[in-house]
Amino acid sequence: MSEITELLQMYRAMCRIRKVEERLSALHKAGDIPGFIHSSMGQESVAVGISRYLTVRDTIAVTHRGHAQSIAKGLALSALFAELMGREAGTCRGLGGSMHIADSSIGLLGANGIVGGSLPIAAGSALAHKLDGAGNLAVAYFGDGALAEGIFHECINLCALWSLPCLFLCENNGWSEFSPSDEQFSGDLKKFAAAFNVAYHFTEGLDVSAVTQMAEHIIDAIRTTSKPQVFEVSVERFHGHYEGDAQAYRDPVELAAARARDPIAHLREHLLAFGIAASILAQIDVELTVEIEIAVNVARASPVLSTNDAFAMVYAS
Amino acid sequence: MSEITELLQMYRAMCRIRKVEERLSALHKAGDIPGFIHSSMGQESVAVGISRYLTVRDTIAVTHRGHAQSIAKGLALSALFAELMGREAGTCRGLGGSMHIADSSIGLLGANGIVGGSLPIAAGSALAHKLDGAGNLAVAYFGDGALAEGIFHECINLCALWSLPCLFLCENNGWSEFSPSDEQFSGDLKKFAAAFNVAYHFTEGLDVSAVTQMAEHIIDAIRTTSKPQVFEVSVERFHGHYEGDAQAYRDPVELAAARARDPIAHLREHLLAFGIAASILAQIDVELTVEIEIAVNVARASPVLSTNDAFAMVYAS
Amino acid sequence: MTYGEAIRAALRDAMCSDDHVILMGEDIGVAGGPFGVTSGLLGEFGDQRVLDFPVSEAALVGTAYGAALCGYKPVVEIMFMDFATLAMDAIVNQAAKAHFMFGGQFSVPMVLRMAHGGDIHLGAQHAQCLEAWFAHIPGLIVVCPSDAADAYDLMRAAIENPNPVVFVENKTLYRTTSAPRNAENKAELGRGRIVLSGNDISVVTYGAGVQWAKDSAANLAVDGIDIEIIDLRTIQPWDEALVLRSLRKTHRIVICHEAVTGFGVGAEIAARLADVGFSDLRAPIRRLGADHMPAAYSPKLESHSRPDSEKLCRAIKEVLSYA
Amino acid sequence: MTYGEAIRAALRDAMCSDDHVILMGEDIGVAGGPFGVTSGLLGEFGDQRVLDFPVSEAALVGTAYGAALCGYKPVVEIMFMDFATLAMDAIVNQAAKAHFMFGGQFSVPMVLRMAHGGDIHLGAQHAQCLEAWFAHIPGLIVVCPSDAADAYDLMRAAIENPNPVVFVENKTLYRTTSAPRNAENKAELGRGRIVLSGNDISVVTYGAGVQWAKDSAANLAVDGIDIEIIDLRTIQPWDEALVLRSLRKTHRIVICHEAVTGFGVGAEIAARLADVGFSDLRAPIRRLGADHMPAAYSPKLESHSRPDSEKLCRAIKEVLSYA
């Protein structure tokens, strides 16, 4: 596959997520989506870069800000929209919502409403992969806010101790809700990883190619060595903590600068400079719009699960 | 004070703890002490070295293996014996026992039955010291087993973030119950501390002078800077995890070698070499024996708290 | 004044009158917490008294406990009661037991604020009502105000109290308002309140249930049914004497709360009444709580599983129809 | 075979018949756990199936949950039930809710073994009986065997079950022995057992309480009192039909357990009986549990606060004397 084809694929993948998030944002504003949703706009490069090197057997455990992570792993859009609209056609039949998106068929072990919640799930899944011996790995997506949770420490220790094939993927957007990261965590993640003899990598999320290259390298290494690694990617959180957060607590100039660090715009410029016609990119946009509208319609057409069916779901049988 | 006087003081302090532990061991064997007790024999140099530089205002939170830590801080022996015998004259009136020794009058914020339990207590106390602004500090005693608990991570982060005057004192005896430390924790404590920009110090506990010198330096620095520091001391656990543990899981040769690394014997030899007469040391022994027997008798004479009084203790009023 | 504002006012007043009262929590400073309860207090009291915590719940409660042992009076915000699961050691093994276990040497004047309850569609990890857990633990006090006036009074009382108090706030009540209470009706720990006096049946409730009961009273009045509403206000220790007095009058009881019915707070009330109130009972004791299922994300399913005044009316009528 | 050995045998048999059954816990390998339950299994099954964990309870249960999502059947040892406080997020927010919250896509075949109860004089942090907490959480199953035979059967059933099962072991029972049960009396999840058939009063209990009840039966027989003993075996879901049948016969109930009475398991049983069993009740429902205080270290004080057969006899006589 030529480099340009790959770049176009990544462009499409990121735009797909962005457009889904935009659609979700509008649906939320319109009252079609209850509760909170946490948008991953600005952070698309991470999941797109990582997921290229994951198979359907590899597992991921994702955060409350998990749409990009889930979509990039293969979550069907109609199942996503239906879930967030609380409908039966949702991947969790409307019982989970944005913070509990899961899809067993693609190795998506669930988003989490608990900061740091993804970490032991991925570590446990990595243990399962190791016991299975089939060379699969688990990805623990987590935010910089989770660095302060003790469970992070416990999981790194365990994975290092037992050589579990777990990728600790820190999407560092600089914020934990309304507090800047540096008021939350005094550690240096690189040194922290080194203290456990765990390889650490960093890249800026602005450039999806950089993320992708690093991801390939890291994921290969985890498969070969069955050792955990830490990968930190710096990203920007465009839409605040949740949809509707006006981010009044941020300096407008800083916020504008942050929003300018857009991995999609960045790649778009690169593609145009490379000679890709704007019309090709516009065509992608159209195709995605159509895909998304179809998904939204499927979701809308779905009923809400019956109370009895919901009740029957409390225990597995 | 001359160096020799100091050494003799430390010798006496360590012997006092050792003899208390021996007495406790005998009492436990005789059935006078219910439950488990975790002996600090072999680890006496740590608490003795640290406590020299603590005032009564400084606070300590201690572990399940907390006798040495408590005695060195000033816990009255009769209150200790009575507590462990479950009597009203105990420092906790017989309600706490070995794992819950506390003494508000000397800043002993309690032993803990929870591994890692001492850490946030000391951190919280360090916060109180900081807010008080009186230059006091808190010591969190913990074992190497607690390194794997997430709360350790959370507390180091917090103390580093907020510059809290907390000494993280790791008594590393190489064992967590029946498991060797290196099967429990894959991190390097020195590098771990560095990741939080926290000063780290290490010394062998065999030589109480070395502990003491380091302790002075560290405690001074914490008082001046109000920043946390980590101090790791390697020690040996002579009597196994609890009294009655035959340590069958340890290589007898290794165990004998460990027991030969005795801080008291080490200092004794030093003192003798220095020209101190054996009779002086024997005299210390006699004095301590008398002190301890008196304490044991006071303890024995104490009744058990009444049921009503115990019940009235559930809530403060 | 809203319920949320009343809590803020109580915090502010307590902080003014005792400089050992400090606030600890995640995003309680600039952000004022997810429900805005602490907003403005950082500005007023500064960052030595309003301590904005990293996302470390175990250390949050654990250090608050350590500070309480050293004479401070921390009021801790645990954003959602569900997150208390990350701090149960500090709450249950440490704070609850310290006074007893240390033979009375230390007290633990600490308040743990936590928002419980559903209806804001955040799914199963942001909706639980776990107060029964805390009520089961000797050494803890558990309160849950149902309106702004009580929220103020109970918060002041909780901060004054030398024991760890779990202060349960109901999410749906934050924006509700109520008039201040007169002196004799001021909430105290351990004392419930007759919200409405009636003769046919006693409805024992707390938190959001009080409004459901009031709505039911209005509906049932149409049918000539005259209910007595008791707001427990404090769940541990609850006001058994008050409830027994009411039972002696009405002889019939329904207990209602937002928490899951099974093994919930209502179980204890019912069990005590089935013992010490047995001879006064003329009908089965009915409990109305949430169904035995996690909170569903889908609003319709979530609300079907929760109690409401309609279900409460039905339960009341069923008990009254018992002959 | 002792209770402890029975659990070990069940673990071993389950491990032989299904290689996805794995054990996880602290010091469960060489040391065999504090009560020796897993001793020998490391040697037999190796360190890929008997996983000796660092002291990290949150990660212990959290990773077990993650492995369960991926098809393994972890049996986790939490040394003392008190330490479950460090893993409540994984148990309650994650494992208990996964099947529901994910719309049935995943099941969580995980067993959480934990030893509860006092009498070994370890103080307040090593003695708690917190089963009521877990019983309150939809999605969890809670069992507590009272003898070796049930311990074996319930453990096999718990491992087979696709839901997270909290498996409560009573410390004082580990060394007790019992004969194997015949096929029809084999313990199943959700099914209680009539330990002793009687006519005057029903004693509903579980765990250590069963022995207290048996001792009471012997004592009371002298006075011509004929008690029926029901061992719940499963606490969530408990065998309501069996208890109601017994109530219909005896019309009187005492509920007994080692846990603190208030907001304990007995509260739920009593509350249900005071509702659906109301018309069969001829006397107050009495509960006997531990006093509302933490476990005291001093053995005398600890034992005073705990139930025993003497207290149980007294409670039974009191209920029988109600006219």
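Residue numbering begins at 1 within each chain, and the chains themselves are lettered A, B, C and D in the order written.
We take it that a contact is a pair of C-beta atoms (placed from the backbone, for glycine too) under 8 Å apart; a residue touches a chain by one contact, two chains touch by 3 or more.
Since the structure is predicted, the reported quantities are computational estimates derived from the model, not experimental observations.
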Q.
Between chain A and chain B, how many steps is the shortest route if every step has to go to a touching chain?
A. 1
Q | Whole-Å gap separating chain A and chain D, where each centre is the average of the chain's CA atoms | A | 40
Q: Compute the distance, rounded to whole Å, between the mean C-alpha positions of chain B and chain D.
A: 37
Q.
Can you work out the whole-Å distance between the CA centroids of chain C and chain D?
A. 29
(Q) Give me the residue numbers in chain B that touch at least two other chains, ranges are fine. (A) 92, 94-96, 100, 112-114, 148-151, 154, 157, 161, 183-185, 305, 310, 313-314
Q) Where in chain D do residues touch two or more other chains at once? A) 54, 56, 58-59, 82-83, 86, 89, 93, 100-101, 123-125, 138-139, 291-294, 296-297
Q.
Taking the touch definition from the header, please name the shape of the chain graph: line, ring, star, complete or other.
A. complete
Q | Residues of chain A touching chain D in the complex | A | 59, 61, 90-96, 100, 102-104, 109-110, 112-114, 117, 119-129, 131, 138, 150-151, 154-155, 157-158, 161, 305, 310, 313-317
**Q.** Interfacial residue positions of chain C with respect to chain A in the complex
**A.** 26-27, 29-31, 52, 54-59, 82-83, 86, 120-126, 291-294, 296-301, 304-305
Q: Using the touch definition up top, name the residues of chain B that touch chain D in the complex.
A: 34-36, 83, 86-87, 92, 94-100, 112-116, 145-146, 148-150, 176-179, 183-185, 249, 304-305, 307, 310-311, 313-314
Q | Interfacial residue positions of chain C with respect to chain B in the complex | A | 22, 48, 51, 53-54, 56, 58-59, 61-72, 89-90, 93-94, 98-108, 138-139, 141, 162-163
Q.
Residue numbers of chain B touching chain A in their complex, please.
A. 147-154, 157, 160-161, 183-192, 194-197
